[in-house]
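Across the two complexes that follow, chain A remains constant while its partner is chain B and subsequently chain C.
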Partner chain A sequence: MELENINPNIFKKSDERPVSESEKNENTVDPIDSREVFDLIRNINDPEHPLTLEELHVLEESRVEVDNEKSFIRILFTPTIPHCSMATLIGLSIRVKLLRSLPPRFKISVQITPGTHSSENAINKQLADKERISASLENSTLLEVVNQCIARSNR
Partner chain B sequence: MKFPWTTSIVDVLKDDNKVDEKLQHVAKSLVKKGGDISVVIEELGPALTHKDADIRLKGMKFLSDLLKNIPNDFLNTAQFEFISKFYVDRMKDHHSITPQVINGLLALIQMKNFPHSSIIQILQQMFAQILCQNQTRNDRSNIFSILQYASDNFQQELETMGTDFIYGVIQAIDGERDPRNLLFLFEFMPRFINTYELRHLNEEMFEVFSCYFPIDFHPSPNDPKAITRDFLAEKLKLCLCASKDFAQFCYPLALEKLESDLTVAKLDSLSLLSHASSTFEVKSVLENFDDVWQAIKKELLPGSNNKEIRAKALCVISDILKAINNDEAHFEIILNKIFTNAIGTLLNRDSSLFKPTLELVIKCAEASDNSCLYVMNKVLPITLTEMTTNEEIADSEKCDILEDFHKFVCIMVDMNKLGEYKNDNYMISIQRELIKILITYDSDLSKISWKIMTRITPILSDENRQIIYSKLNANLTKSSTEEAECLLELAKVYPHEIHKLVLEEHFSKKYDNEEFAKNIFKTLSPLLIVPELREHIIEVLCINLFNNHLSVIQLVVLDILREILNSSKSPEIAKILYGEWRIVVKLIDLIKNLNIEKDQEVMYRASLIMSLVIRLLPNDQQMELVEKYLPRMKLESSISDLYITSGIMAFLDAAIPVENHFEQLVNELTNLSLTTHDENARKIANQLLCSLFNRAPVDDKHKKILSKIYDILKDEIKKQNHHAVIILGWISKGLLARGHPDAAEILETLSELLDHPKLSKSAELAFEIISLEFPNLHLPLLKHLFKQKIFVLAMKFLDGKIEKFSEHHLTAMANILQITPHQVLKMNIDKIGPILFKCIETGSDDNSPHPKRVLLSLKIINNFISDKHQFILTNLQRLVKEFLKLSQFKHLMDIRIMACKCLEHLTKFPLFTLVPYKNDVTHDLIPALDDPKRLVRAAAVSARMSWYLLGENENDKASNI
Partner chain C sequence: PQQLDVIQKLSAHRGKVWSVNWHPSGKVFASCGEDKTIRIYNQEKDAWVMQAVLSDGHTRTIRDIAFSNCGMFLASASFDATVSIWDKKAGTYECNSTLEGHENEVKSVAWSVSGQFLATCSRDKSVWIWDITANCEEFDCAAVLNLHTQDVKKVVWHPLEDILASSSYDNTIKIYKEDPSDNDWTCTATLTSHSSTVWGITFDKTGKRIASCSDDCTVKIWQQYEVGNAEGISTPDNEPVWKCVCTLSGFHDRSIYDISWCKLTGLIATACGDDHIRIFKEADNSTKNEPIFDLETKILAHKQDVNAVKWNPVIPGLLLSTSDDGDIKIWKFNNL
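What follows is the complex of A and B.
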């Protein structure tokens, strides 16, 4: 397969989140925040390169919006190039990883950062469609590819 | 001589199965009587010339074996001539006889007086008549041995044979397939190639070895002493580089195989290139450099993800640079070739080639001292340009630049090349930039700048040093680790400046602010290791400890002293503190004069410092202190005496006898511990008891004292005094650690007390005391494997009762299991398995189990899971159920985390055993995803993902291979 983006720019990974005192305290409640959600998805692998979505700046912490009270999460991701054919796959991987890692009370929206992809609306629509998401995961080949992207993030 | 049998030799060889015995007999009598071997051969005549090849074979075997069995100086020249002629002749005989001919020849040429002239004839005939490849493995090995022995011992004669000999050898060894024979050849041939001139046969010889490259060999799994592939490859490499004339063939071979897709081939080729560069002449290295560099570039820039290949490729470059280090004319040309592309990339940090290029450049710098200078001359301007030209550069990027520069500085220091840059303009400019950062920033950027400064202290200019001192001085009370390290480096190089400008100015008084004092002591106390500064620092510490009556400051000083005494330099400093500063006496005075109500913490810490100093003294000084102070102590009436005793006794060497004071000490300590209301004092007393009983010798006198104390304690236990149970726990801890014979009895009493209606809780605590390790408790005598012993004893006393599964028993047992080595637990898994299960079982909600016990047991079970123990597999269903329950355990987050971890580790078991539980686990972990604690959520996510991805990783692995 031909690579679409041969020499992408690589950015620095953020450090591991330090464990705070209040997190070690038995009695305090740590709300789910944007950093925690970002940590769940930042290590997902790009389908094309052996790099994480964070390193390619496809995902950035500032583009992760979390409302713990209202159980709502919105994530904007930025494809490396405007005509990237992998955008849907990346979106799907993010979605699947979050579906598996977050409590079911959350409503999750995964979208492309406005103005960064040529067929932004179409992809957003696909990613918002629950039926299509679950249908795509019935496809064992596709599921395998998604699992591979996610699998490395788990190590 | 005559043969000792009546029938003809032919019949003997035909029928007799005891030929060996007879052979020995002949050999012995031959040697004894000084007989002539030619007579024996004549006797053998009929057999050796028999028309049946089988008989001839037996005859030859008899003769060859005979040659092996006679002493190696038995034959004279005439006999040698005769026998070797005979053997040469025999080579033309039937092929089945050849092995015996070879056998005999091998014995013959190794004899002492073997005439050198005969070897040529033998070898010529051997090359002509015997096709080595047709022989069996063993016979080939014999032929190789003949070649080896001949070439090692008859060099002069063989050289006259010229290329015939070389050609014969090549033909003989060509195409060998047995790994053991190959190994023999690979070890012997480099020597051969170096001894004999190969002339025009260079290429032929090289071809013999090159056909094996790269080695593809898998040892038979049943071979007990298997030869490994890597071992063969290593030896082959030596053969391929054995002669300098091989260079012209070796480089093309390595480069060709480097293009392969096989990792093994690549690795072998790279290590061949490495070896070639360091063994062949510089000339050939230079001739082939362009091709090698093109090939290496492909591997490195951008290169593969295989770390091993990258490392080996870098090694090649490094070896080449090492090889040409002394050739100044070409050195620069070669490095220029490497750097033509590299410099451009080094200036563009965003490029994906940047990281590999940097790796390459670092390797070049490390290769040799000349290359280090070359690289630094390129790197310094680049670093300076990067730092100065772009004003808008982000801090994080500047940080990266400096991080990389730090690596180069470290190499410079390691290569001892720092001095060359003392007056280098670039270096001075970079220093200036660093100083600018130090003055203006206070972030990661300044941290890395400090790190670089620490490295380059010896070449810092006077002016820059002054700026650094003032910056350090300003930060003395809030200095970072990097600053402290830099200060220490500076102190090592410029002790007098530091003394004058830092210590005298800023460190010479009594302190009253706790935070302030803590920080400044922490920064400056590491300077103690510099002899010039030691006195000043100790003086200030002592002023603040003994003449300052603020207990917070005293605590700070004591803490600092503790850190110093636990560091690696401690023996030296302890000696100075004890000798020059008389610190032990001063501490004793300090403890005596302190207020018991207010300053107990200071007393405790001071006694700790005392014991740490005493621990490091020689035995006679320790002894002196014991005799001087112990008799005066009144433990029951004075708490400060207790602390002083603890200070003297706590870390006393095991060899110091304390028998004279033992009885009094233990009596007073026991009474004190039973009666006092001061918890701290009780703890000290208990620890001292533990340590004292641990060191006491096992003899009648001490046994009596022990049983007296034991009786007192038993009486107290009858009165339901729970302190007595605790004391018993401490004493048994000391006794168990040294394997005392009476320890078992006390442990039994303790385990019986677990059933006691009132004291069971204390007994549980006693078991915890036995299992815990206390950092300040000194047990001079530790018996080998005492933990196993405790486990065995505890199993004996508790096992029967475990059946009832009382809470206290389980907790006591979990404590013991915690200290038992994993190996021992493994051997006893059948017994402890049910206990562990019971320990993690959560009953109905109102009766929730002891959280600590659950955690301990989970950890042990987790170890078994990591081992992939069969026991886990047989109980999988039950375990998964319990783990899932525990993932929502209310009272302790650590248990929830541990349960999730156990679940995650379970996924390492074979897929088919796990699949039945997949849905349960992924479903029942959902509540943990919404746990109030973030750490639990993270563990739950990780566990749940592993279960979702069951089997994926295996596919992944398969595709990687």
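What follows is the complex of A and C.
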């Protein structure tokens, strides 16, 4: 397969998140924060490059929004090029990783950073359609590709 | 008691429960979901009890189910691209026909009031109408309607006539009927006003109104105007036209997945992605051309998205709901 974006910009990865004393205490309530959610998804692989979504700046911690009280999480992701045909697959991988990792009470919205893709609205609508997402996860070929993308983030 | 009380919770399914539907007797219902099973529940004394599990019909998620109006048959629609017809002739439900034709996920199935037709719709953008021979022995394709530009989410028949409505990811609702001169099915109206996917549609008891619910977080009420209507609304093709006469916005916080208009009480129930059920009632000062609907009650119904709501066809105020949380709940609305 021909690569769409042959020379992507590569950025530095974040340092490991320091674990505080209060987090080690099993008795304190520890709400899920944006860094924790970012940690779940930053090592997802790009479908085209042996690089993570963080290294490509597809995902950034500042574009992860967590509202614990309303159990709402919004992720904005930025395709490396505005015509990226992999954008839906990347969004699906982020969604699946979060569905598998977070408590089911969370409502998860995965969208393209406004203005960064030519088919932004169509892709956002597709990623918000839970029936299409459910059906696609029963497609074994597609599921395998998604699992490959998120495999490294599980380590 | 609250306005809406939960009578019973049933937690038999594994994973999402996508749909639920009443038997026309009001004494039986069926549910289906991600676990590829159909479950049949009977009323026994004061409780609803699971009577059967049908697990050999489909290889993928079962998205929707519907009992025929005669009560003898059950149809199920699956992501495996097929529709199964189950009958109870031998005492237990057996799958006696499988309808193939859709290219991919079948999302909704519905029997016409006359018992003559079955309608199905799919992600392949088509609506199929199947002509049923006596005793449901054969289903012949009467029409393949490729009028939507995106996947078709729901098919619903008119309560009194063999007129079909469908709703789609393309944000529209379409109405179809058969031309008796040549048995051709044609689209007689396209209803546009929603700004995103129309997940659900439901007729009122007269069939002259439709309520629709959408990913745009609104409910819309549509009024039919017949040829020669008193309001003077033009009917260009000598077909009734449908106008959006009411939009309920600001009530729902997320996508609305299903809507049910009770034929007995006139109440409208909605199933929402914010885990709530809401019940709307037409106001006393409401009119045909400018209807007014008030929110009667809003209740946190499930732990996850509510996928379906269905009013009982016989017992006023009895409501079923299903959710991604794997549960089915039976509710009683007290303010009738």
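The working rule: the second predicted complex is superposed on the first by the 155 of 155 C-alpha atoms of A that agree within 3 Å, B and C clash if a C-alpha of one lies under 4 Å from a C-alpha of the other, contacts with A are read in each partner's own complex, and residues count from 1 in each chain.
Throughout what follows, a residue touches a chain if its C-beta (ideal position, glycine included) is under 8 Å from a C-beta of that chain, and two chains touch if they have at least 3 such contacts.
Treat the numbers as computed from the prediction; the structure is a model and nothing was measured.
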Fit-or-clash call for chain B and chain C when the two complexes are aligned on chain A: fit
Chain B versus chain C as contact partner of A:138, first or second or both or neither: second
Partner chain(s) touched by A:122 [first = chain B, second = chain C, both, neither]: neither
Which of chain B and chain C A:105 touches, first, second, both or neither: both
Included angle at chain A between vectors to chain C and chain B, based on C-alpha centres and rounded to the nearest 10 degrees: 140
Comparison of chain B and chain C by chain A residues contacted: B
Touching partner for A:30 - first (chain B), second (chain C), both, neither: first
Minimum Cα separation, chain C to chain B, after superposition on A (Å): 9
Chain B/chain C common contact set on chain A: 104-105
Footprint of chain A on chain B - complex, ascending: 305, 350-352, 396, 400, 892-893, 922, 926-927, 929-930, 932-935, 937-938, 941-942, 944-946, 948-949, 952-953, 955-956
Interfacial residue positions of chain C with respect to chain A in the complex: 16, 34, 60-61, 63, 79, 104-105, 107, 123, 151, 153, 169, 196-197, 215, 254-255, 273-274, 303-305, 324-325
Of chain A, residues touching chain C in the complex: 104-105, 107, 125, 128-132, 134-135, 138
Residues of chain A touching chain B in the complex: 7-10, 12, 19, 23-24, 26, 28-30, 32, 36, 39-40, 50, 97, 100-105, 144, 147-148, 150-151, 154
